[in-house]
Each structure stands twice: as structure tokens, then as C-alpha cells.
Amino acid sequence: MLLSDSSWPEIQAYLSHSRAIVIPIGSTEQHGPVGIIGTDAATAGAIALALGDRTGVLVAPTLALSVERFNLGFPGTIALRASTLMAVVIDCLESLAAQGFETIYFLNRHGGNIAPVGAATQDFYFDWSSGRRTGRCQCCRFRNWWEYPEVDRLRQQWWGAHEGLHATPSEISIVLAEQPTSSRLFNSASAPLARQAPTPIPPGFARDYGGDNHFEARVRQQAFPDGRVGSHSMLATAQQGAPADRKRRLRGRRRPPGADRRLSSGREETLR
Amino acid sequence: MLLSDSSWPEIQAYLSHSRAIVIPIGSTEQHGPVGIIGTDAATAGAIALALGDRTGVLVAPTLALSVERFNLGFPGTIALRASTLMAVVIDCLESLAAQGFETIYFLNRHGGNIAPVGAATQDFYFDWSSGRRTGRCQCCRFRNWWEYPEVDRLRQQWWGAHEGLHATPSEISIVLAEQPTSSRLFNSASAPLARQAPTPIPPGFARDYGGDNHFEARVRQQAFPDGRVGSHSMLATAQQGAPADRKRRLRGRRRPPGADRRLSSGREETLR
Amino acid sequence: MLLSDSSWPEIQAYLSHSRAIVIPIGSTEQHGPVGIIGTDAATAGAIALALGDRTGVLVAPTLALSVERFNLGFPGTIALRASTLMAVVIDCLESLAAQGFETIYFLNRHGGNIAPVGAATQDFYFDWSSGRRTGRCQCCRFRNWWEYPEVDRLRQQWWGAHEGLHATPSEISIVLAEQPTSSRLFNSASAPLARQAPTPIPPGFARDYGGDNHFEARVRQQAFPDGRVGSHSMLATAQQGAPADRKRRLRGRRRPPGADRRLSSGREETLR
Amino acid sequence: MLLSDSSWPEIQAYLSHSRAIVIPIGSTEQHGPVGIIGTDAATAGAIALALGDRTGVLVAPTLALSVERFNLGFPGTIALRASTLMAVVIDCLESLAAQGFETIYFLNRHGGNIAPVGAATQDFYFDWSSGRRTGRCQCCRFRNWWEYPEVDRLRQQWWGAHEGLHATPSEISIVLAEQPTSSRLFNSASAPLARQAPTPIPPGFARDYGGDNHFEARVRQQAFPDGRVGSHSMLATAQQGAPADRKRRLRGRRRPPGADRRLSSGREETLR
Amino acid sequence: MLLSDSSWPEIQAYLSHSRAIVIPIGSTEQHGPVGIIGTDAATAGAIALALGDRTGVLVAPTLALSVERFNLGFPGTIALRASTLMAVVIDCLESLAAQGFETIYFLNRHGGNIAPVGAATQDFYFDWSSGRRTGRCQCCRFRNWWEYPEVDRLRQQWWGAHEGLHATPSEISIVLAEQPTSSRLFNSASAPLARQAPTPIPPGFARDYGGDNHFEARVRQQAFPDGRVGSHSMLATAQQGAPADRKRRLRGRRRPPGADRRLSSGREETLR
Amino acid sequence: MLLSDSSWPEIQAYLSHSRAIVIPIGSTEQHGPVGIIGTDAATAGAIALALGDRTGVLVAPTLALSVERFNLGFPGTIALRASTLMAVVIDCLESLAAQGFETIYFLNRHGGNIAPVGAATQDFYFDWSSGRRTGRCQCCRFRNWWEYPEVDRLRQQWWGAHEGLHATPSEISIVLAEQPTSSRLFNSASAPLARQAPTPIPPGFARDYGGDNHFEARVRQQAFPDGRVGSHSMLATAQQGAPADRKRRLRGRRRPPGADRRLSSGREETLR
């Protein structure tokens, strides 16, 4: 159930039996020569919708603009400051709290969002913790898609070292399944840039740069000139990104329910 | 051409012949008993896409969260503070400026965005005007959809006084054409709330409250308990919202090109 | 009744029978070769005082510093950021709310203030709308002087196309009536710059730049090198700016009551 | 020479021989039963004008709204947050710097402004000091009127212990000379509140509360219920506030030059 | 080499051969019945000093106030907002950048700091990435003490499941070695609260609350009424916290060099 | 009693008989060729501890980072923006208020902190004064160490004109007593820079620059190239900085109680 596609009386009815909502959060940044700029937003939305279809939880609009200034050297990337995303998150929480939502679940697809969303919820709680506000506060949960055990297992099983960290075959597989026309990029003028496997990322890289703690855009672009970070994007297939059960219950904006999707089912979570 | 659905080499190529981009900006707020909460975001996106298809201009992701705190009494509305939207807009402008975009065109569908986007561009220009930054600044243009002369003429011709100010038959017509499943709301449990024509808005109302200068949410909700503001939403039809030429060139996320759409063509504008 | 010229017991007494206050808001920016930099502040103050004298409503100090960064290329212009004016407005509202004022009427003389004051009141209402604050909020009304029907009629009747958009004969007429010594500018060294009628503003200009949505200062200065925007300032006369009844009830800082002033009476408004 | 009463070509000419400007800064707060709320703003403006007339330095518009939240218990007080005044001051400095002003002199009449203006200039300088900005920065000087040796001597000579700290006979004398109609307050309904000498302020009070380091408004109001702080306001006379030479060179808004004013001459300062 | 204990000519000399600095970052929050409130600050400082002694890198003053609002229910905790810590970090980076430091290494002892320091560095880099600033930016590295492989191995080997998450025997051991008088807490009136092993933390707890993503203070206090989170603090010993080589090269504030300290050597890092 | 060295049950017990706390506030900035960068922080901490030992009042962690951008030209100085220190102070006040502290006493050692701490407390009180918050607010007191009459008398008696304004013999004497190893600087390579008495500061300097109202760093560094401002630092002796009674009750981090210290006793204050 998508909040955007519902009327206010439908949300009012929803609140009579559930107080939970999922907020998908992605990015608008380069995803290599054969990945679309909206990869994170599209996959976060698809996974959240699958989660919503399976558990009945409401899904908020995807936060498509987020924190990715380190990719600003690649045309098309649009980045928020961390402080801006914090303000967006806090205003969302204020709005939802005013209407009785109690459990907010951020489904995240982008490393650069981890710090700002965490900092935002810290500040949202501050007023309650310091006694400025009274009453019961909301519970915010933040989960990175790649932390789901089943997802992580599949990523390792299917692509191993080629999965890498950015423009990964796993995320591009989901995009291929969701937006089939994006397959044109595999035959585009820039596809040859992605034909070679990228240089493997050095050991310790994930520890040093986890959560997208990269330096400024120029440094990043010099290190990864085609935009991929250790990921062999062209190993992606729509088949791997698609749900096991391809029969789709059509509803709303023709998005697939994905109840049995393997990479995008969000199966691990049980939300109230 | 949707930025989200493009790769970074495609945007790089685009920048070699054009420096313009359209940013659709909507809202996430109640639109009466038979309108979806995402009405403004969906219509802003559709009109921007039609404009993009007709003129070749690039279309950024729709800003779906905006300033609508006066509707927070209706469940499902998610509102940003004006200062938050200003930060989002400024960060978008910074990002696009860094990549060479020179003409930014905000295509707006929601009155409450007028003040914050205007204030944001004022502050974006401040640093250049005060000598803090050098070089040529970007040109920002802001246009409300309802100001297009042809659109306004059709609205008056088709619905006259029933067009009203919120949950208008014009915007809901476009949604019906874009997302056909939303027609279910016309037969939903809350549809009877919208069966009667709303009380006409008093003279002077638009002058007093233009740009959504409403008071707090409770006052608003008491004045308009079903969410419509002088608009007879149920007069909307998919036919009126659809483009004249229904043959659609499919591309990307199966969105229609709408080159000849009447309400949503954005025909008045010529963008570089 | 000017708040600045009153004692606190007088304001206490005023609050026992009225909860309304007018805040005049102007600018500190160039007004062409024969207009003073304080034109907007002086005229906003004079009109507000006339409104106050006629209706008995209290008048706050004029906000003389506002948002006009696009004029920073002209020496003497002092501009606030939009975010700064927003903070000023919000603090004024907080102060007045704490003392029981319920109706705040902004009488505006400067296009650049429209967006920031609108955004400020949106954010002021946010805390009530989101449930952060309880109780009844204040009602804020914002009105541009040039929107008064009688004022607009006189401007068209007397100056027609020569009225223009900045350094208009109408505003300079009021200044000439209020501050007679400013007539020296008509014979000053820079007066020749204003002797010629300015180039007419192109069609669509008001639509594109309404609310002072100008680009940075340099662009503006190149387009309008003497500071006038389509206005033939030297057509102004003290007679047209003066009230019909020149007999003045002297009070406070020797400001005229202006009860019958034509351009500056603020006659259209009835305030509690 | 008042900036507000000048045209931009006049300011351009001024800058060819001087780079200095005085910014008077006052308050909008209660000044006891017989003092007007605009006392600080009016006296700061008058003293600055006298200083300007004597030295030829340009005078900016008076900052009438400042930091006086501790007086919010008295109706009519309008207070800014310290952070808001800081933003106002920084924007003024940015604007003036962009036009070539190099010496900014704050002439202050209100203790509560000392901290925020000081903090604002600290932050204005930060960008130069940290290497963020290059070039030569402006020089800001801040002076409290009561620190002028001659002023302080007269205050002690004429009123001694009755001068006190707020609603002082010295400041009300200047107001009586500047705005003669304010003398009506000496015969108003609230005048009896000020007939008695106030309780003397305890030793150490100035040390503890200097710079208006008062607690919240309620505490302040309980301690000083009529608004005076150790000041016997009714000892003020227009004669003591007036300049020695009453012949006034009329100019602009009929403000007196005050070249020989004793309390308000600002004689100690020599500005470039 | 402690920055605080050096003179500016010494830092100038240091910069001629190294551009690196370590910033220890702790907290000021409850650490259970037998841990001092300054535990994180003291241990971060000690470990940084050991790292500095071993590698010759300069050590900045410890950031003792950080983000721990979830512990505000326990008296003595002082918490910053995340946005405040971000401002502190950014100002430190600005200051150090202005003097030529190029490598900034945050040595962290407190989970709640991870998000705000990450968000701060993202925003610090934004200006370079968006083209607002030019030149080479600093490299910021952030490391949690508990991520050092040797440290983590010792923690598991010595305390296993009793190590827990807060008021851990490992951190209290270092404090006992650094500040021997803190051992008095083991015999204090509140020591009995810590005598029992705490309830083990449930599986998944670290995943849900990693980085101190706790809810508001009341919820936290109800869940962990004595302040320990799965940690058996009383298993701490000064011997385990002390360096292998107890001979200390005395210098500066009599802090131990700790070159061979096992828990606090920071041995894994090699800094320029 | 140091908050950092106490457990939360100890603070809970303290609050049962006292509601006061001292916050020492220093700086991290150059103190001339023979003064350490941490001079202000070390002396503020020592004096606060002496005050605490004598009166039993609790002592918070020293705020070591503060506002000293004018010294950024000297390597090792780390400066906060005034707005950042304001945020730190406000968060401290929020935290302490939530736990029942009612009297907050800032013991200051650095002129540049006066304005920002004053502005912060103004804004902290704003919410109470405007009616945003209810209940009784805390009382904040701010005192500069050099204002203590006995301290000031000793400074004049011992060093007279050589005391000066920065890197004073008085402050360096206290450091020599507190951190004896800092005496090495008197024989360091840079000591010759401080051997000569500095040029005396001109009359009026303290009036113009009081509260560290200095211009940007470069101007400051040119005026005082070795960092001393009229102070003959090498006249400092550990004997003068030490307490009269050298027998020290050892406790916590081996800091001296200083109950009879002459320069650092804080003897003038009696705190609840």
C-alpha cells in the first residue's frame, strides 16, 4: 500500500489497525556506465513495495535525493548536504508523529545515508530525552538492504568478488527487472567502459570507506574513473533481479508485488 | 529524457548541447476523498515529462515532499518546513551548477512551494550578489502550472466555478489518465464525501490565501472538513486528463510522452 | 498609534480592546537617480500610519532591512538573506504572540519580501500544525500595497505605462509628500540620468520576475544601469503623493495622519 | 548624511572619499511608565545623526529590533533571538563589504546587543581567519553610548544614583528633546507609577547583569514591576537632552544636527 | 605530543615534517555504578596518547562532549545534539586546514559519535565536491577503538559474553590503570548495583542499536536501570588496562606513553 | 568534585543537596613562545577545581574549544565559530536542566568567550520569556577570572604594566604550578622570542578590543608577531602560580585542591 497512491480516508483507516510505515531511501547518483542514476531510488522503492505487499505495511514516497557529494564529479548526480537530509528526515518524523505513526522503518539502499539519518533520529529524540517534549516518542529503525542475511548470501553466491561496492550486479539486476527499458544501456555507446571487470578493491577499503566516508569528488573520480567501485555491473541479469513468481498482482502504478522476490523481498523483517 | 533513467555518460552527452533542466515540484498531501495523496507529485512529473518529450529538455526527479503543513490534520500528509525545502532546493542548485547546468526551470504544482522556492533562489543568488562568489550564476525560473494560459483557459471552460482551489477536477483528471487504478477511489467508502459540490469559496479567498498562506492545520481542517477547497473533484475524467494523441512512445518507466496532451503539455514554454 | 512612541502601559490598555497590529515592511535599496534609498521603508511606514490613524490599529516599527540582494550592485543597498528576514519575522511573531496579539497584518512595499515573509509564516505555523505547540495560533495576513484596488487604479490613471516596476512615480510621490527635502534629488547631479523615460519593460517581464525573482546583482545592474525598471520617476509630484486633506493632526513624530490620502490611505482594509 | 535619505549616486560619491559608516542600534522594549518603547532606537538614531553631522560620516538605518527577551513580560516589547540579530548584522556587513565600506562603527544604546553583535563580528571574521575568504576584511568597531567619558560624566553629575540602569533620566531627556510630544506620558494615567524614586539597585547588580544578562522575562518583571531598573525617569527634562545650540540646520526628515549636543554629540569619536 | 601542552612554535616545527593529527573523541555519560562519567573521554585520550607516543603523531584535545542524549535519564550525562557536534567537528577541520594539516584521524570511543562525525565530514567535503572551494581537501579518517583487531581479540578472550556493550570491563580496566583513584567506586554505596552480572543482551540487539541508535532516554533507562548494557563492569582490573611495560617516560601532564599497552596501544594504525 | 570522575549515583546523591555546577571555559590557542596552547583550558580547570574543593560545588568538564579565530594564524590554534560555541552551551544547559541543575556558573578564562556565551544564554532564556516553555528556568552566571578583585589586585601588584593582555605572567604562572614540565618552554628554541619585554599596548586598546573584538587573523598576527599582547610572559614563576599551602590532598587525576591558592582560589564566589 503506497501512501502516494492512497486517499486520506484510506490512511485514516490504515491507522486504525497499524501504526507502522516504511520509508525507502535511495540516491540520485551515477551508477557506472550501464546503471541508471536512479538505481538506488528505484531499488529502494521496489524492495519497500515488496515488503509492503508481503506484510501489509504502508510505504511512504521514496526519498530519492540524498547524500552523495563524492559522486558530484559525474554528471547527473544531485547531492544533498547531510544537514539537509537530516532536516528532511526530521520533518517527515514530525509529520508522521502528528498523525499517530509510531514505528518508522527506513529501508536504505545507499551508504551515504547511514550517517545523516542516524544523526537526524538522534536529534529527533533529543527533545524527548532532555524533557523538552513529553509523551511517548516514535521508534525509528534503520536497515540497510545489504544487511539482510538472505540478500547477502545471494550476492556472494551469484557474484562473489564481482559484486563489489558500487554499481553492483545485484542492484542493477533489480533495476533490469523493474525497468526493462534500462537494458538499452548494455548496448549503449558507454557500455564498453563497463565491459572489463573493474580492478578489485584493495583489502581494508570497506573498513576505511564504509558508509561512503569518501573524500571529495575529484579524489573519488580519479580513483574510479568509470564510476564502478569493484563491481562488474554487466554480470547483472533481469532474471536474477526478478521475483521467483512472475505473476504479478497489478495495482497502483503497475509496480510488481514481489512477494517472493529473492533479492528484493525484504523477507527478513516483520513489521507491526 | 528523465535524469533518473539515464546513465552518467548520457547526461554528459546531453550537457554538450543543452544546459537546461526541469525540476518538477509537487506535494504529498491530502487531495480530498477521491484524490490520491500523491496528486501534485504525479501531475508535476507527468507535465514535466511531456514538456521534456516535446522540447528535449532533461527532467530531474520530482520533488515530492514539500510545504503543506496546513494539511497535516489529514492523515497521510507529509510536510517539510519551508526552511527545509529551501535547503533541498539550494543543494540541488549547487549540484547542478557544479556540472554546468545553467538554466533551472521549476515546474510547480503546489501553492505552498511558491514562497520557499522563491526564498531559496534569493539566498542562492546572495553569495554572487554580495561578491562572495564569482563567475556567472545560474538562471532559475519558477512557473506554476496553473499560470499557463492554455491550461487556465481549459480549466475555466471545462469546470468553471467547480474547478476551485484544491482537489480540482483538472488535477484529478490528469491523475486518472496517468494512473488509471486511482479511479477505484470514485467507488470507495469515502466517495460519498465528495458527491456533493463543495461550498463555493468566498470572494477574496484566493487573494487572502494565495500561495497557500493558510493558518495552522486545525483551522484549515475545520473550514474544509473533507479536504476539498471549492473543487468538485468528481467531475474529473481520465479523458480530459489524457493527451489528444493516445498513441504513446514507450520508453523508460512506461510513462507517456504526452506531446499533445492538452492539460499537461506545458506547451507555452520554450526552453533552451 | 505607533508602538515605538507608546509606553508599555499604553500597549497594555490597547490590548484590552484590540488584538491587531500592522507591521510595515519596506527595503533599503536604490530607487533610481531621484529616489531615496529608504523609499520603501518610508512609504510603508506612512501608509501603515495612515491605516492606523483611520482604523485605530496599532503600528509596529517598520522593517526597513529586507531582501534585495539583486540591487547590491548599487551603492547604499543593504540586503538581508531570505533566511535572515524569516528569522526576524518569526521572532516578531513569537514576541507578539506572547503578549496576546492575535492578528498580524504585514503591509508590504517591496516585492522581494513576499517569498521570505510567506515562508516565515509557514514555518511559524508548522509547530502548531504538527502538534508541537497547542492553543490557538495567530492569524497572519500579508498584503502588498500595490494590490489595493484603489491604489492600482490611481497608478494606472495617473502614470499608465510610465508607472513601471521600480522607482515608480507613485512611490516617489509619496516620499515627496512625506519628506519634502527629498525633492533636492530632482535637481541633483544625477538627475539627468532620470530625465529620459526608461526603456519600456518587455511583455512577460512581470510574470518572469514577479516577487523580485531576479538573478544576481550584476545581471540586474547591466539590464537597468540607472536603477529604474520601466518607471519614469520624474513624473512624481508631492501633490499626487499627499493626502487630499492637507490639514494634519500632529502627533508623535510629526507624521501626518493621512486619513484621506489617496495613494497611501490603505482604505480597502478593515482590521479588528 | 543618512543613507536612507540619499540616492545611490550620492552614496557612490560618498565612497569616493570615505569608507566609513555608522550603524545605530537600539531596541524596541518597555522603558518604564513614562518612557516610550522606542527610546533606545530613537536615541541611538539621534546620537548617530549628531555624530554624522559633526564628522561627515554616513549613517545607516537604525537597527530598532534587537535582543531584549527579558522584557517580553511588558506589552509592546518585540525581541529578536541573539542568533537572529547575528544574522542581521552579518548580512549588513556582507552588503556593505560588497560596496567597499571598510570601517563599520556600531553605535549601541542597549546592553542586550553587546553579546550578539560581538558574536556576529567574530563569525564574520572567521572565514577570513580560516583562509576561506581572501582579501582585506572590514574593521568593525562597537561602542556603547554610555561609555563615552563626557556622557558618563554628565550622567553622574546631573542624576547621580538616580540615573540607574533602565529608563534612565538621561535617555528619556534625549527623547523629550527629540520627540516633544512624548512629554504627554508625564501626565498620563501610568505616570503615578513612576512618581516614586525606584528602589536602589543592590551593589554587584551591574557586575552580575551587565550586558543584560538577565534571566527569563517573568523573573525580571517580578523584580522590577514598573519596568524601571533603579532609574528615576521623571527627573528627565527636554532641556538636558537638547543640544546647547538649539538652532537646527534642517535637512532630510527634520532631524536636528545636534553638533553641540551634550548628551548626544558622540563627541569622543573621530571616524574616517 | 599533545597539542594542548605545546607552544605554537613547536606546532610550527611539527608541521614541517608531518601533516597528521589525531582527535580523540569520547563522551560525558553514565558508565554504570562503578564506571566514571568521563570513561570514554579518558580512554580515548589515553589511547590517542599511546598512539601518539608510538608513532610521533600530534594529539589534539579530546572532544569530551558528544552525542549521548539516550543517557540523559542518568544524572551527570551531558549531551550535545548531533548537529552541534557536527558544527564542532567542522570548525576543527576548518581550523586545522588553515594551518596545513592534511590527515585528520578521529579516534572514537563512543557509538553515538559515529553518525554525527560522519555527517560532519560529508558536509565538510561538500564545498569542495560542488566546486565551491578549490584546492586539495583534507583526508579524514574515523576509527572506532573496538574495531582494532587486537583489541577486539583481547576483549573476547578476557571477558567473552561479559564484555557487553556499555560500561564494559575493557574500558573500565583502562580507566583503572589511568586514574587509579577511580577504584574507590568498586567499594562505593552504589557498587552493589553492579555486583550481579547484567542480563545478557538479546540477539540482534547490536544490529538494531549499533551506533547508539537508541530511542529516547526514558525507554533506555527502563531497559537498563543501572546503566550497564550487558557488561559485567566489575570484572575490570587495572592490570588488564595497564600497558605491558609499566615503566613510563614521563612527559607533559604525567600521562603514560603506553607504547606497549595491550588494550590501548592503537597498534594497528600507521599514521603519517 | 569533578563530574567526569564521578559515577551517576554520585551525581544523583549530589543533586539531593545542591543544584549548582561550575563550567570552566578556556581556549585552545597560542599563548606566545613560552606558553602552552592549552593555557586557558588548564587554568580554567584548575581554578574551577579550587573553587569546587573550597565550596563543594560540582565541576563540569572544561570547555577547551572556544572562540579564538583571530589567533588562527598561529599553528595549533583551534577555533570554533561563535554560533558553534553557542550551540554547545545551549545543549549543556538543556542537559543539565533535564536533571535538575538550577545554577550554572561559567568560570571563564578567555575574552573571546564572553560574547558567545552571553548570546547563548539569551537564546536559552528566549523560549521561557516568550511563553514557549513553562516552569522555572535555570540561572546562569558568567564570570571572568580576571574580574575577581583579589586576582586583579595581585596581578597589578606583581607584574603591573608587564601583565598585559595575552600570554600574561599570571596565567603562565598557574600553568607552571599545575604542569611543571611546561617550564621546558623557558629554555626552548623559541624562548628567545619572549626574552624582550613586548611593546606596551597603546592606551585605548583594551577599550577597543575588549572581549577579543579583534579583526581577522592576519591583522592580529602582523600586530603581535610572537603572539604576546603586551605581556612579559617570562616573568611568570611557578611559585606565584602555586597555592600558599603546597600540601595537596590528592584525589582523582592528581589535581591539586588549591584551597588557599592565591591567583586561582576563586575565593570571591559563594555558590549554592
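Note that the chains are named A, B, C, D, E and F in the order they appear, and that numbering of residues resets to 1 at the start of each chain.
Here is the rule we use: contacts are C-beta pairs under 8 Å (C-beta built on N, C-alpha and C of every residue); 3 or more make two chains touch, one makes a residue touch a chain.
Keep in mind that this is a model prediction, so the values were computed, not measured.
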Checklist entry - Both chain A and chain C are touched by which chains? => result B, F
Checklist entry - From chain A, which chain is the farthest off, judged by mean CA positions? => result D
Checklist entry - Which chain has its C-alpha centroid at the greatest distance from the C-alpha centroid of chain F? => result B
Checklist entry - Between chain B and chain D, what's the gap in Å when you average each chain's C-alpha atoms? => result 48
Checklist entry - So, what's the distance in Å between the C-alpha centres of chain D and chain C? => result 25
Next on the checklist: Roughly how far is chain A from chain E, centre to centre by C-alpha average, rounded to an integer in Å?
Outcome noted: 31
Item to check | Residue list for chain E, restricted to those that touch at least two other chains | outcome: 69, 72, 79, 81, 83, 95, 98, 126, 129-131
Checklist outcome for this item: All chain pairs satisfying the touch rule are A-B, A-C, A-E, A-F, B-C, B-D, B-E, C-D, C-F, D-E, D-F, E-F
Checklist entry - Given the complex with chain E, which residues does chain D contribute to the contact? => result 126, 129-132
Item to check | chain C partner contacts - residues on chain D that touch it in the complex | outcome: 2-15, 28, 30-38, 41-42, 60-61, 63-65, 69, 72, 74-81, 83-84, 87-88, 91-92, 95-96, 98-100, 179, 181-182, 185, 188-190, 193, 227, 250-254
Checklist entry - Within the complex, which stretch of chain F touches chain A? => result 94-95, 97-98, 133
Next on the checklist: Looking at the complex, which residues from chain C come into contact with chain B?
Outcome noted: 67, 69-70, 72-73, 79, 81-83, 86, 112, 114-123, 125-126, 128-131, 137, 139-142, 147, 207-208, 211-219
